[in-house]
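There are structures below to look over.
In the two assemblies presented below, chain A is common to both, partnered first by chain B and then by chain C.
After this line comes the complex of A and B, so read on.
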């Protein structure tokens, strides 16, 4: 148990350090003055001097990196070139939106995918299996943003039931409940489209796992004992297929984060991915670096969460035996 | 056994043919304005006026236009006429109501060059209308027969072309700048193919060499390389690509290199596991025992063994690269001068295709991307089956 966790946390820390290092060096290998990627030439001389001090730009590279790591860990990202405000102030309000989009998409698509996958495995050749196979192959080759554009065209233009853009209505509704509903109304199409694109590959994977598991001897044993079918399906077969399903969670995560960036752009959501794009297009380097870092951090944290779930689901880890991963 | 070539190979050849010969088969500059912005396709445009063009030449001195719609966006008249005699000529426009305007006149000479655009201020001043009024609506006050005629001596050669942009256009309509979507679509296939194939070639080369080295060397090098692969596979690639493109620039070749640098991991893994098993095989052991060098074994024996796997990975990797290119272009992180399917979707999204309801700007490039991805996926599977016939007719893949 201990070795599992120390390895996982150490791995996450290494990836985090790598993301920070990539950030640090990427924005310093640019042609031209290094300082110009951290300090806007339009800042006043006093502000420039202050930023130089804060980032220790006159110090050697090694010292600079240490300072940089500390600033990243305390969410002190410097000042945005575009808005001339601290980057974290801008990002703070966006993180919950991205988390809401990512979280709802991940949970809903995995739940739907798992359910359909199990159903498809139970009745081979049935209608569910056909749906699963079709949606899986669609999600593999259709660009997410194209499907979303079509959905937007259908449900925001032809049949205007959903908003065309934004995370909330302007002006904001008055009461708390109306605000929540408004937020969900704006979230439904983006998150729904991610679910639509995501559940197919889940379902196929779960189906293949379940088909294999259902052919095993202990299932035959459970049937022989006369257990109810649903109990065999969920408590016996699915339970033993759960750890590899959680592995898929880990594998799918980076793709879903990438998809969220595109989704936020398509639906003009007030999120971190859209901020990253706007910052890159506006050559706002501190903001772009910070947004990239936050996306990396979100991925790493969800990775750890999935690891924790894996540890709970796999008894070999719970009792502390070493698992070759 | 039946020996029917897979549909994807035929489709691939077809796409290749379009990419190579398309622009020649559909002449005309894709950057040219052909109709009004967001003109729907001709077959779905309904009551909108079709585009019109007609010549004034020695054989036809008059153009009669039967106009049944609202005034067109614009009117252009371009070309040159040659005359034998030195006498004044003029171009007269007669509207359905019977009013007539002199569009242009010529005092006489041998060669008359005409270049009229109804939006031109000088032209409007000549007609005697305010510079900010719409000249085309002056010339088309109502519905009926409008006549453009050449008055004066008959020209001996040359011709003038009268063009009225329509409210609907071609097979796929026009975009926000009035460009023909069909020719943009056909030009766009080139970028997808070029970027997709060359980025994947680069990635496969990288993956092949990294995988062979990792699998054959083993030990610390192997575990280090595989750790790096794990890390690269666990962080979202699109944000990295965005940052790279933002820093290095949006050129086509930069894009190819960046995509190649970040998509070799899958191939490396597959090749590594192959090399790992081959390394322990008897024939490699025999080779080593008769004194073959590592380099020789890698180059002459492992590389050919890995080739089918790499070919399949190449074909299966192209969709990823195409989707990544399309995604970056859609985000606006591509060279604005290069027309690609992703760029078309970007412009559709950014320049109001939604408020115009212009589905013809969104559906063709999106379906194009999907289709080309499906073709490469199927080709990859076919190559995999050739390399490993056990896969054929397996479970529900």
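After this line comes the complex of A and C, so read on.
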């Protein structure tokens, strides 16, 4: 067991190093750099060269790489080319909004989808299954920007129950409690839209898993033993179907930091997604490198966590343990 | 109710009327503001939510409206007043003159005759842009309408080519003079339809038109960075692009002087014409405005003959303000989302209330030394002042922090210099209460030059010395002669000397976050402008309040 985890951790470290190297070279393979995207006749070629010096882009590639690796390993991500602010500060101001939005959406959509999936699988061909399959298919096949704009039009304009934008009211509410409630009120429509768009894939996935599991022999045995249906459903069938669901959930976790560009744009939210996109399009190497590094790190940690959770969720799985007969 | 299809026509006629009668002329000297106490610059990124917010009353001012459907929609809204102005924008197609066959002037002129610019602009923009024939947009005070215009005439284009010795294959492909081989297929570089849908559509229409006279052309959509990289390295045949220009015509030097044909330079098409170079040098180093006008006109006439580009259109600038505000300033060359509107607007009914102004992107750093983001400058432009301002009607210089100025050429021949003398306004105070003096101007110019700050590099690099004979006079001597030094120096923002002294690293300076060196509770974002910085909440808004000591409020 110990050697299994040592191998996994070492493997993860190797992947992380590959991510670091790929982040450096992939961005620099892209044509142009942050300065070449400035096309302004009031900005002479000499001024552009001066800007390259300021950003350290005139240094030899090897030197740039050494500086970059040192920064990644010490979590000092340097200064963003575009905003001239420390990349850490930029990320810190965005991550809480993104995690609150996407974290709540992930938890709610996975919980709702899982519950509906189990319900749908319980009675094949029944009304519930038909509704879940139909609503699930509609949910994940509609384009997000369309659904979100329609929701915005309906619930922030025609029937103005929710705000049109952002995460705070203007002017700001006076007290701390009022500000918290105000923040939740602003979060409700974007998070709700993501739940609406996200629950369907969970529901259909869990329903398919459960249908398969409910056809297994051990379920027949449980029924033959006269166990209550709800116990069979949740304690036996769902427990057995849980590991892949858990893995899917854990692998979706890094996504709550990577942001949702369209949602952030439609609801004018200050999040990581738009920042990441602007950094890539704007050749902001420090910002894009740091963001992808953190995402890579989270993905690797989530993978390790998924392995651990797999073993915890399913007692039959004990990787590396010798089975004595 | 007026049918929507007439809105473009009505707006255009309004614009023409403004131009002809000057009925919208606004006397800026009558403005004594700002009258509003609170200004929130609210970040709305999505154009659809901007429209909803404006119609719902959560936004008061929305600028840079580009979609014709939005203009139509707002035009029929009873709560919103639209303003339209000509923009400093120019969209064109260019040839790579370094390569055959594009170095053939007859081919370029024939191509210009083959492209139905007016029809394309009418079809795609529904009347919200104007076709152009010249190398400066019509709004420019230096625009020269009297140039050789290549009217749409495909038959004339074929005749011109035949007279120049061009032939056609039986399939209709052009064969260059003295050659047997027809032209090989060529590409027109264009941004992708996802990034710039109208540009991609225009490129396809241009390609079709040029195919009609025998140029085997097709559009090649590219990611913008890839396209710029290809242009930088001169790896192209034809490309389309738009420039956002300023009121000064010295951009013509950057675009067409042979010295600008370098990697990363703006003479992308590689034009080398010694006669034109002479005229462009006369423009760049013009000692006075009259000489500059003459050179700009001549340069435009020569360019129309040389035809390195096919100018296509210039975009109108459309802005909307809710009708519950009075005092909105819009002219034929400045749409309503401008400083003058903020200085002059007041609620038409009821008491004081904050103005909600749309920022369609996040400000990046609010560092006036390093940022080149237009969204940062929408905020910073209200906090910092320059020595001169631009009249929204005439686009001429008007007094601002300087009440008067002189432009002189001193010295002889090769040793000539431009000397700028500014007389500064008395009684002006920085937002932190310190007095504004000539020392601030001198320290600003010295700081910008010493640190070679890219944004100001071209403006200050020719400064030879700055003298301050008294608290309200500044004399700037440049190392050469050019009338444009007045706009470069006079248009740069002035920073407080006492704040600049505390700046340790201009690149990473965060004045909106750093505490003031001596005033508790204030930030280092201190200017002399009409509004004082109060708060920036990333992703949400920038809050500014009226500068109660603003010199214009004193009635000067």
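As a working rule, the second predicted complex is superposed on the first by the 191 of 325 C-alpha atoms of A that agree within 3 Å, B and C clash if a C-alpha of one lies under 4 Å from a C-alpha of the other, contacts with A are read in each partner's own complex, and residues count from 1 in each chain.
As a working rule, a contact is a pair of C-beta atoms (placed from the backbone, for glycine too) under 8 Å apart; a residue touches a chain by one contact, two chains touch by 3 or more.
Please read all numbers here as calculations on a predicted model, not as lab measurements.
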(message) Quick check for you: in the superposed arrangement, does A:26 touch first (chain B), second (chain C), both or neither?
(response) first
(message) Per the contact definition in the header, classify A:185: touching chain B only (first), chain C only (second), both, or neither.
(response) neither
(message) With both complexes superposed on chain A, which partner does A:75 reach: first (chain B), second (chain C), both or neither?
(response) neither
(request) Pick one for A:167: touches chain B only (first), chain C only (second), both, or neither. (result) second
(message) Quick check on the superposed pair: does A:257 touch chain B, chain C, both, or neither? Answer first, second, both or neither.
(response) first
(request) Once the structures are superposed on A, label A:65 by its partner contacts, choosing first (chain B), second (chain C), both or neither. (result) neither
(request) Pick one for A:267: touches chain B only (first), chain C only (second), both, or neither. (result) second
(message) Quick one: is A:133 in contact with chain B, with chain C, with both, or with neither? Answer first, second, both or neither.
(response) first
(request) For A:84, select first, second, both or neither according to whether it touches chain B, chain C, the two together, or no partner. (result) second
(request) Would you mind listing the overlap between the chain B footprint and the chain C footprint on chain A? (result) 30, 149, 152-153, 156-157, 164, 265-266, 281, 283
(request) Please name which positions on chain A make contact with chain B in the complex. (result) 14-15, 18-19, 22, 26-27, 29-30, 129, 133, 137, 140-147, 149-150, 152-153, 156-158, 164, 208, 211, 250-251, 253-255, 257-258, 261-262, 265-266, 273, 276-277, 280-281, 283, 288-289, 291-292, 295-296, 299, 303
(request) Spell out the part of chain C that touches chain A in their complex, as residue ranges. (result) 40, 42-46, 48-49, 52-53, 55-56, 58, 223-226, 228-230, 232, 241, 243-246, 251, 254-255, 260, 262-266, 354, 356, 362, 364-365, 367, 370-373, 452, 454-455, 457-458, 461, 507-508, 510, 537-541, 543
(request) Over in the complex, which chain B residues touch chain A? Could you list them? (result) 231, 233-240, 242-247, 319, 323, 326-327, 330-333, 345, 348-349, 354-355, 357, 359, 362-363, 365-367, 369-370, 373-374, 377, 395-396
(request) Name, in rising order, each residue of chain A that touches chain C in their complex. (result) 30-32, 36-51, 54, 79, 82-86, 93-94, 97, 149, 152-153, 156-157, 160, 164-168, 170-172, 264-271, 274, 281, 283
